[in-house]
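Across the two complexes that follow, chain A remains constant while its partner is chain B and subsequently chain C.
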Partner chain A sequence: MKKRGKSDRIAYLYIFPLMILSFAIVYYCIIDTVFVSFTDWDGMSAEFNIVGASNYVKMLKDPVFWGSVCNNLIFFVGTVFVQAFIGFILAVFLKTKLPGTGIFKAVYFMPIAMATSIITSIFKILMDPTNGVLNQFLRSVHLDMFACNWLGDPKVALFSVILVNIFQWMGFSMMTYYAGLMGLPDDVYEAARIDGAGFFKTVFHITFPMLRGTTNVLVILGIVGSLKTFDIVKLLTGGGPGRSTTVMNTYLYEKAFNDFNAGGAASIGVSILILAVVMSFIQIRLGEKE
Partner chain B sequence: MKKTLKRFVAIAVSATMLFGMTGCAAKSQEKDSKDTSDGKVKLTFWSWLPTNDQSDEMIKEFEKENPDIEIEYTRTEQDDFFEKLQVAMASGTGPDLFGMTTGPMMEQYSKFSMDMGSAADQYWSGWKDKINTNAVSQSTSKSGTLVGMPMLIAGMTTLMYNKTLMDECGIEKVPINYAELKDAADKAKAKGYVCVAAGASDDWINTDWFVQTSNEFEKGAVYEAEKGDRKWTDKCFVDTMNAWKKMFDDGIFEDGALGIATYPDARDQYFFARKSVFFMTGSWHLGPTSTSNTEIVGTEIGNKKDVIGMEPFPSVSDSVERLGTSGVDLMVCINKDCKNVEAAMKFIEYLSDGWGQQYWVNYLQGSPVSNEIKYKGTIDGELQQQSIDDVNKYVADAAGSRKLSNSEVEKAIHVAMQNVAAGADPNKELETVQQIYDSSK
Partner chain C sequence: MKHKYLYKIFIYAVLIVCAVIWILPLGVALIKSFQVEGVKNYIYVLNYEKISYVRVIFNSLFIGIVTSITVTIITSLAAFAFSKMKFAGNRVIFNSILACLAVPVASVTSPLFSLIKNFNLLDNHFGVILPLVAFNAPMMLLMIKNYFDTIPDELLESARMDGAGRFMIWCIFMMPLSVPIIANVLVLTFIYSWNDYLMPLLVMRSPDNYPVTLAAQFFMSSTYQSPVDVARIYAVMVLLALPSVLVYLISQRFLVSGVMSGSVKG
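The block that comes next holds the complex of A and B.
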């Protein structure tokens, strides 16, 4: 018993630095953000007043906040499911080991290794309505009706941002599914082939259900990732035109750095945290039920 | 023995990490040491101006004039500058001197800045006679403190034009009113060019345009609305919004202008790339009117040796008068924690009324704040002298200040302008601006 206690102490000693770091970097910041959300701090001065829940009341009455929540949800649905679906299809094709699959794997994965600022700069040029390659290509193949103001039309801009995000993160879904596919037993496919299942039947009735765990992980990561979305929106559209691409994090940034309203920004930060926890919890419960 | 060694390593690692953390804190607190080992006074200076092209020469010359002072300059692009400054100021690690804009930013940073009026009275005799009174007034906070010393004045809105392309399109003169602008747009379009390259995704240029144009419809109304003496829903503002919408509907601006930034997109991908005849900007951008300007070297307009000029933006109201706005483009503040105010004031004097000011003015970075300094650079562009004269007159005759002092209202106007351009009702959008104004009071 004595020995056990001693080894516990050593174990605690090992994790002590990490606990200190975690507290200093993560938990202290969360606690501080919650505290700031109840103040009128401007983000700079030493002085502030406790204002109770007024930041939350203002936030809940603010149509821009609700617009940004709505944009986050559209972004989540548009990104996570489409990205997972494309990633899944690519992983299935790559598993067939056709010639050149290694190269394709690297090509699809490459955008993840690229800085968001580079990707957004390239897409801004590609999506330019007058000089951009995207519209020029569509016009050259007589698909003029699809040529549009990708980033300048409020009805289209959010979907353009989603498109760029899918391009950047599709490779991640692909690699995650690919890793999952590698762990599937071959005898199941053997049995399916004997039973006469075709390619699509095998993919959607065997492979996809067997990768449910992978899909769950991707959805949870997608929830967190979409709630964290900031850089891609900030760099592509800055939240505009109008408020059409403003998401919670760009609005938080605007409150903190443009309006010097750190209290208001913190209340948005806390709501993002709560949303992330709730949505992840729901997804985990749904996954367990299935 | 092995166990003891393991324990020792664990304790050592923990201790190193903890000391490392505290060590970092101590280091940041010590950063404010101002005197260098060779006895010179060292001043840290953060700003977006001077540019990298300008700073080497400007600082070298100052240090030559003042061998006992060393300037450590950190330049950051303006968009990122304020985030960097905000974090530094909040943590008490801000620089001795920092660049600033007028309006909401100045009000916010006034509590971190030394009273420039008192510092200048103490270390720079006669400064009040040397610096433009209007610029000083714009650099003064609502509480009456001179937050920083103005450095450069800029006017809005101007139209940079490519005379070579105008000739190619058959546009005989730079448009001065909306009818001529529309005619120019039709002619440019017929030749496959964009008329005006505009970065309408930027809040700063949109609100600048709104403030400037609303003065055309009713001089001074925008400043009255800012004080609460009239409504943002008044006719002159609706007219301004309608005029803005026409820019998009009549094809004056490029397609998708709402998704394009002024710098670098509209400038580089349209005007410098020879895809547009005009470029909407401000008076600070007179540089390309010189054929030897480094900014256009290697661009399409530079390679083709196009003739570039600048004029005030055409009047978009029925009035023929082109009424601009002007404002302090850059002011420099002294951190209230700065220990070497005398040295800091020498640098400020140099930038606002000395060799540094002359250098900036010759570089065409903006109009001078010094009453004693005029442009003395070489005139090497066909239209450069005319452009400088016209733009300087426009800035001098400005109807009022370029900036508003409420950042939430500025943002609301920008959002309303973008929504109107995309088809929303100007009246409803201005009602939203009014609501935001009311709630921000």
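The block that comes next holds the complex of A and C.
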């Protein structure tokens, strides 16, 4: 049908529903965010004033904002590299295709299919400082020094959030590496074996460097994922204790719905959107290279 | 040969240790949910009067099913046009819809809220469904369009010769030929909307309208100090997790490939 030279007007009918939804909701939200970021709107009333760039000036001077950016960064680094490491090792082991590996794959991937809301609830009870199973276990094996207030201590709360996030998303890194491994030619292994290289030497000196493309994709997706982070922090700690786990999205939510400062929230929203667009461009570029 | 044996044992040891770690949180929840009063914990939760389990599951099912069917229909129609029809602006419109993939929903919560309020959809299932459709559609469009591109034009041309209109071709050719990807999109959108927490948080007000994700928080906000309370809250989590675990076990193949293709290509 494409071959015929004429333009097919009927086509617009087919794309209409999707287009209306995208433009009326997603694009409306983007434009509205940009506009509101230049006003002092409270998010409720009909009145507001244009205030120029003052929301941005306030944001750039706000230590809490920079703290949240920093937490996003720690969250990204802590999650991606640990996740990629475990995911890679498990993918290599699963690739051996020993009997039963299908079951293991299913187990590791399952948390992705579950609601963050439920996973965080379970971890919140497990991590309870006094009644939680985690601390009870640590005390019973005489590792009392590791038993801590996982979500209530500002020094460890962010670390605990990262731990839960790794638990939920490790299966994704694993499957990505697994797919990458399937694409590698087998003769590489053969050559290494003939050279007398051991299993681990082959894995870390040959397999891992060959999967650099996969690792790059995971790093970019990790940054995008960190920019999207909201549920897990809101549900586990609400950004606290103090500001120790506040990330950009939870700070935005707080500004919009607790402080009734829609303008301030929008200026954070614009910064997240800009970062997200930049990351998507890099992702597309990387994809073209592959 | 002996080496090979050792490797195998080592590999299994690592895989099993990790599997235990990954099962443990759910396993502990399951075991603890039967503590103190056994099955009575479950009966208590199922008969809890402030929030009804059946109602909660119904809400999540309704949101999940309506969202996934709507997404599938509108994206497959659009993908058909983008893939097989020639019209001015094809690429521009397609790319501008794909660009929505980059937008983190959490960064536009405040305009979304006022939008839903202006539509008068607060505390209404469609207030959750509408944004979920809009934000899930771009990735599903990409998946279906990529698949449609692999269906040869000649095939449709011959159907056209037989006098079939475009809509008929979509109905009796494109959709049946694309069953694997359609199943993928249905399952994926269903799971994503079932698991979504942010939209119901913004929209739903009365516990009668709470889906699974909000219901979990509703129970978490009650005090759970005594062993019976803790056991009951574990029972709640097991009951709320159960449907998604079942869906996962049934549709694992579709889901895994869907999550992978959606994110890596996107």
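The criterion applied here is as follows: the second predicted complex is superposed on the first by the 248 of 290 C-alpha atoms of A that agree within 3 Å, B and C clash if a C-alpha of one lies under 4 Å from a C-alpha of the other, contacts with A are read in each partner's own complex, and residues count from 1 in each chain.
Assume a contact is a pair of C-beta atoms (placed from the backbone, for glycine too) under 8 Å apart; a residue touches a chain by one contact, two chains touch by 3 or more.
Owing to the predicted nature of the structure, the values given are computational and were not obtained by experimental measurement.
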_By the touch definition at the top of the document, which applies to A:Y14: first (chain B), second (chain C), both, or neither?_
both
*Please indicate which partner A:K124 is in contact with in the superposed arrangement: first for chain B, second for chain C, both, or neither.*
both
*Between chain B (first) and chain C (second), which does A:D153 come into contact with in this model arrangement: first, second, both, or neither?*
first
_Which of chain B and chain C A:R243 touches, first, second, both or neither_ = first
*With the two complexes superposed on chain A, say which partner A:G269 touches: chain B (first), chain C (second), both, or neither.*
second
*Between chain B and chain C, point out the one touching more chain A residues.*
C
*With the two structures laid over each other on chain A, which partner does A:K95 touch: chain B (first), chain C (second), both, or neither?*
neither
*asked:* If we overlay the two complexes on their shared chain A, which of chain B and chain C does A:V133 touch? Say first, second, both or neither.
replied: second
_With both complexes superposed on chain A, which partner does A:L235 reach: first (chain B), second (chain C), both or neither?_
second
*Looking at chain A, which of its residues have contacts with both chain B and chain C?*
10, 14, 17, 21, 24, 43, 124-125, 131, 257
_Give the list of chain C residues in touch with chain A in this complex._
7-8, 11-12, 14-15, 18-19, 22-23, 25-26, 28-29, 32, 74-75, 77-78, 80-82, 84-88, 90, 93, 96-97, 99-115, 130-131, 133-135, 137-138, 141, 153, 156-157, 160, 166, 170, 191, 194-195, 197-198, 212-214, 216-217, 219-220, 224-225, 230, 233-234, 237, 240-241, 244-245, 247-249, 252, 255-256, 259-260, 263-265
*Considering the complex alone, what residue numbers of chain A touch chain C?*
1-12, 14-15, 17-19, 21-22, 24-30, 32-33, 36, 43, 86, 89-90, 93-94, 96, 98, 101, 104-119, 121-126, 131, 133, 167, 172, 175-176, 179, 199, 217, 221, 224, 227-231, 234-235, 248-249, 252-253, 256-257, 262, 265-266, 268-269, 272-273, 276-277, 279-280, 287
*Where on chain B does chain A make contact in their complex?*
6-7, 10-11, 13-14, 17-18, 21, 82-83, 86, 89-90, 108, 111-112, 194, 200-201, 203, 254-260, 265, 269-270, 273, 275, 407-408, 411, 415, 418-419, 421-422, 424
*Can you list the residues on chain A that touch chain B in the complex?*
10, 13-14, 16-17, 20-21, 24, 42-45, 124-125, 127-131, 149-154, 157, 237-238, 240-243, 254, 257-260
